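Note that the chains are named A, B, C and D in the order they appear, and that numbering of residues resets to 1 at the start of each chain.
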Amino acid sequence: MNFLSDTTAPAHPALIDAIAAANRDFAPSYGADPLTAKVEARLKAIFETDLKLVFAVSGTASNSLALSVLCPPHGAILCHDEAHIHRDERGAPEFFTGGGKLIPLKGDHAKIDLDELDRALGEIPEGFVHTSPVRALSLSNLSESGTAYAPGEVAERAGRLKGRPAFVHMDGARFANALVTLGCSPAELTWKAGIDTLCFGATKNGALGAEAVILFPSVMDRFEELQIRQKRAGHMAPKMRFMAAQFDAWLSDDLWLALAGTANARARALANGFASKEGAEVLHPVDGNEIFVRLSEPRAAQLREAGAQFYQWPDGSARFVTSWCTTETEISDALAAL
Amino acid sequence: MNFLSDTTAPAHPALIDAIAAANRDFAPSYGADPLTAKVEARLKAIFETDLKLVFAVSGTASNSLALSVLCPPHGAILCHDEAHIHRDERGAPEFFTGGGKLIPLKGDHAKIDLDELDRALGEIPEGFVHTSPVRALSLSNLSESGTAYAPGEVAERAGRLKGRPAFVHMDGARFANALVTLGCSPAELTWKAGIDTLCFGATKNGALGAEAVILFPSVMDRFEELQIRQKRAGHMAPKMRFMAAQFDAWLSDDLWLALAGTANARARALANGFASKEGAEVLHPVDGNEIFVRLSEPRAAQLREAGAQFYQWPDGSARFVTSWCTTETEISDALAAL
Amino acid sequence: MNFLSDTTAPAHPALIDAIAAANRDFAPSYGADPLTAKVEARLKAIFETDLKLVFAVSGTASNSLALSVLCPPHGAILCHDEAHIHRDERGAPEFFTGGGKLIPLKGDHAKIDLDELDRALGEIPEGFVHTSPVRALSLSNLSESGTAYAPGEVAERAGRLKGRPAFVHMDGARFANALVTLGCSPAELTWKAGIDTLCFGATKNGALGAEAVILFPSVMDRFEELQIRQKRAGHMAPKMRFMAAQFDAWLSDDLWLALAGTANARARALANGFASKEGAEVLHPVDGNEIFVRLSEPRAAQLREAGAQFYQWPDGSARFVTSWCTTETEISDALAAL
Amino acid sequence: MNFLSDTTAPAHPALIDAIAAANRDFAPSYGADPLTAKVEARLKAIFETDLKLVFAVSGTASNSLALSVLCPPHGAILCHDEAHIHRDERGAPEFFTGGGKLIPLKGDHAKIDLDELDRALGEIPEGFVHTSPVRALSLSNLSESGTAYAPGEVAERAGRLKGRPAFVHMDGARFANALVTLGCSPAELTWKAGIDTLCFGATKNGALGAEAVILFPSVMDRFEELQIRQKRAGHMAPKMRFMAAQFDAWLSDDLWLALAGTANARARALANGFASKEGAEVLHPVDGNEIFVRLSEPRAAQLREAGAQFYQWPDGSARFVTSWCTTETEISDALAAL
């Protein structure tokens, strides 16, 4: 009953098989291999558009690489106050952008409030030499509270940047989980809603370690710079085929959606169980594979005694994360403990 | 007959098996897993000393991470003019150090000349606010010309920094190849010769993608900062166990030495073959798995027709790189073409 | 009737005389001149402590230089959401610190609220590799709303950092104005209240362009690094004696206090005048030489017609800044217009 | 007999008078004042072209600001191995460019050798992701050895960058001295010879502290970014009029040329005197106000006893710098001592 994080889960065996299969012969280094090309083709089909991509070994890396081609050192990035890029990446976006400024915004359930966004945009002028202008907006989908922005919510926020030389980034470390819940297409949740670049995470959903920075057509002219920055940051792995192999298997036969679907279903079941118990208040909509629940001391103790592992969150709640390999038994065992 | 680069070679199957084995269950993220601890123990035994380490996905990353804890933004790093950190990493050391200055030195066969080192040290004062003082010396072993520094040569150069608050870094992307040729112990080639930090590369010698930054006792107090910088640069991979698994298998039963031994033997055989042919002048001592040879046009054509792939080097020579999986037949076929 | 900014005012003639006097002969460059030493001695007497200092040509430079020796690239700086370092310096603190993170806090009248400070400190752990820890707190005195922190208010906030390896910076672009109103000693408002470094501004109070970064004993061990960073940022002016000359004259015979006293008195008179008029609501305590007033349209028009110049502030208020050379007549003329 | 540096000399009194005159009234801040506009107009006339400029307080600042709008973090700057930007600015160009790489080239008398330049350009490919491409060439005129590049020499070197997206910077800390000796027009020595940006120094030639970064038409589209970087680096002084006043007086009635002419004449006289003495070998052509001379011990002692102050240079020579206020008597006294 490990609900600590989806990064503690093993990888899906199909991805390891794919790595073994990719190991048969020599292959060009640094992303010039055929598997990388195959993944690019798969992603174009899935997202129904032209696009460019690079791989990275962590979400921190992919977010920062993406932001570094959107925001100059003297620009600002709007994000939610609880965003991973602001709270959990040790200043990586500042490092990669060369000192770009993150401006944190409030909003319930870790989704940026529209009024807050309007207020911030109203306060930050364009073309005033003393002030860092807004060059990017970052939306996390799933958010840090496990909630999803629907396509309309994304479009509403992205639309607020109209008329500024600014771009919209989506931190999609758990993009698959959001997508499955929302039931929309990948295109609808991204470029059709105004997203310029997506950090598409596989690691938390069955990969060994593989993230993709996807540039949609609106920012594809920055691909060369993205590659340069990937190299310069040490993220252009020599044997890139092994990251490509993971993505190839993961995207094959909708495996990625199936894995996210399982994780989401487990989270939903656990949340439903909590909802029927006293002393276990679910704090946010459960739109993916994360549940934040305010547990009474006895409830928390019952769960721990039953062997459930979970993190205490800074706001006092308990965080439960399910993964592609969380079993129905684990959920029922956890709930039985209450 | 792919002699393009050891990064185009496949990984050794034992490492893929190890990854599969490491995938059985949940494991702590970010390097807190038992396999990482096991690798640390193995390395302590191999290097006969206490040490600390972090993993990274590329040599560019490991070199830059190491240098960033040795050299402040306002310091300088001495290296050979042809060093990978100066020529082939797109300014990554400058990026990671926050603008540290690389000062390139000359020397035959890509090894830093002692007189050049003395001259540079003589020109750069300590404690003068206008000048970036020397804070690190970087030695590549194997060098960019495929030559090795013997322990005495390392010690001689490292000793020149005595009395300065400066440290010595070894770029060991092909450390195993150098070691096997030199026949000394890992300790003798590193900390006993004055090396403070080693970037120990496995990727070019049988791994899928795994490098270790090793801090020897003289700089172990910088481990916390190294971890911080690893995180901040996006190199703290969530599922670190899969890098650890590679190193664990690679270090097991001296596999790493056996693989390097094979690559070196193939290179030696190829170099010997070249030496007996007209129109094929080997330019540097072959101390590892790289051969730089000045080929006459007809010789180059013969090799290409026989299916040999190799890079034309900026100095006009042809570079041949062997790997753990280069076969004796490939060598004899190549030589037969001449 | 120029109330736009104290940076549009001329310098006090005594400072220009001092520059002329300092020009008589050759003098050592880069701060090794006798006038710089004399200013250091003056400041030690004024602040009743040992200290170290460097000069800079702007408040943006002095703030960023100070912060860059307190906060590493991977640390965080707490400041008010409206602080000059966060809103008006084009990301200079991020630039000078190498990507340090500014975390904005709320509080009435541009003074950091204690509960907000406690909340932020509670949310940001020490020793967690993923999160930028607090390494500095910055207080602006005067604040961006023209209000002053009294010594007790400074001490209360500074005390909250106890037990962390963190320091307290005071942006004293209008330090003299705050000091004169508070009636305390320079020592009481700074190091005795827990301030580690003060950016002591003369430019807005009669200088041509001279700011001093003062390190109090708690951080004097960082002086060498401060000089290095001053040089590296191009702020070690060759003929430093001309900045020293300004400070020397400004500090002589309490001129700096007299100038601030005049500016404050004019602001007080203007604020009192506003207070007695309808349609002119003063929004913050007037603790120095800045007044923020919500003007009705007719009131604003009356003032403009009478020749008063002032800025419209982002919050909708009008800002009036008085200076050492604002006359009583200007104040009475402005008020007469209403 | 102070021959230490032209930065130890006083300012010309006309510049102090100009500062006093500029102090009469209120003036817009941050460069929006009429004097700054007047200087821009003067410079357009002097350089016979449209241009843009910002001021800075030091040569280190102006060089780094200029380079930072030419070279991205992942680019390289070619310069002479002894260039001030490489040896004497504590890594400021790396800081301002965000980690750009300086590549030092050899050449006699501190002027870049054409063959060296060709070799370097030949070794550094365009469009190869692993290598920092050349984005700028920096020429110092006067060079670090006090020699001048004639317009043809500038053009020859600048022309080598044709076909690359690269620009040419001139470090003109002693531009006036070079110009006077060469007898050409400012335009001929700069944009007509392929210079894109000139750091035009007044400080060493009679100013209190004023340098101008001039963008010629080929890079004028970078002016907004230059202003942003000037602000972000703390070099947008609030009361900019006082820098403008210095330049205005200095450029008026060819004062700048007269001052440089005097300094050059004194240097020439001193060099001629040295040339006729044994034990005093002048090492480089004296094209401006600097003389590098290899002095025998007795010669050095004679000069020191006579009261001459000069620096011992790293190459073992003695450096003598004359200034606008060096007198004929000082020269004859110095020579009389030999």
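Note that a residue touches a chain if its C-beta (ideal position, glycine included) is under 8 Å from a C-beta of that chain, and two chains touch if they have at least 3 such contacts.
All values derive from a computational prediction rather than experimental measurement.
**Student:** Which chain's C-alpha centroid is most distant from that of chain B?
**Tutor:** Farthest chain from chain B, going by C-alpha centroids: C.
**Student:** Report which of A-B and A-C is connected by more C-beta pairs in contact.
**Tutor:** Comparing A-B with A-C, the pair joined by more C-beta contacts is A-B.
**Student:** Could you give the separation in Å between the centres of chain A and chain B, each centre being the mean of its C-alpha atoms?
**Tutor:** Centre-to-centre distance between chain A and chain B: 34 Å.
**Student:** For chain B and chain C, let me know how many angstrom lie between their CA-based centres, rounded off.
**Tutor:** Going by mean C-alpha positions, chain B sits 50 Å from chain C.
**Student:** Please tell me the distance, in whole Å, between the geometric centres of chain A and chain C computed from their C-alpha atoms.
**Tutor:** The computed centroid separation for chain A versus chain C comes out at 41 Å.
**Student:** Enumerate the residues of chain D that touch no fewer than two other chains.
**Tutor:** As it turns out, chain D has residues touching two or more other chains at 30, 73-74, 89-91, 95, 98-99, 129-130, 228, 231-232, 236.
**Student:** Taking the complex as given, what residues does chain C use to touch chain A?
**Tutor:** So the residues of chain C touching chain A come out as 73-76, 87-91, 94-95, 98-104, 122-123, 129-132, 314.
**Student:** Name, in rising order, each residue of chain B that touches chain A in their complex.
**Tutor:** 2, 4-5, 7-11, 13, 16, 19-20, 23-30, 56-62, 64-65, 89-92, 95-96, 203-204, 208-209, 228, 231-239, 242
**Student:** In their shared complex, at which residues does chain A touch chain D?
**Tutor:** It comes out as residues 30, 73-74, 98-99, 129-130, 227-229, 231-232, 236.
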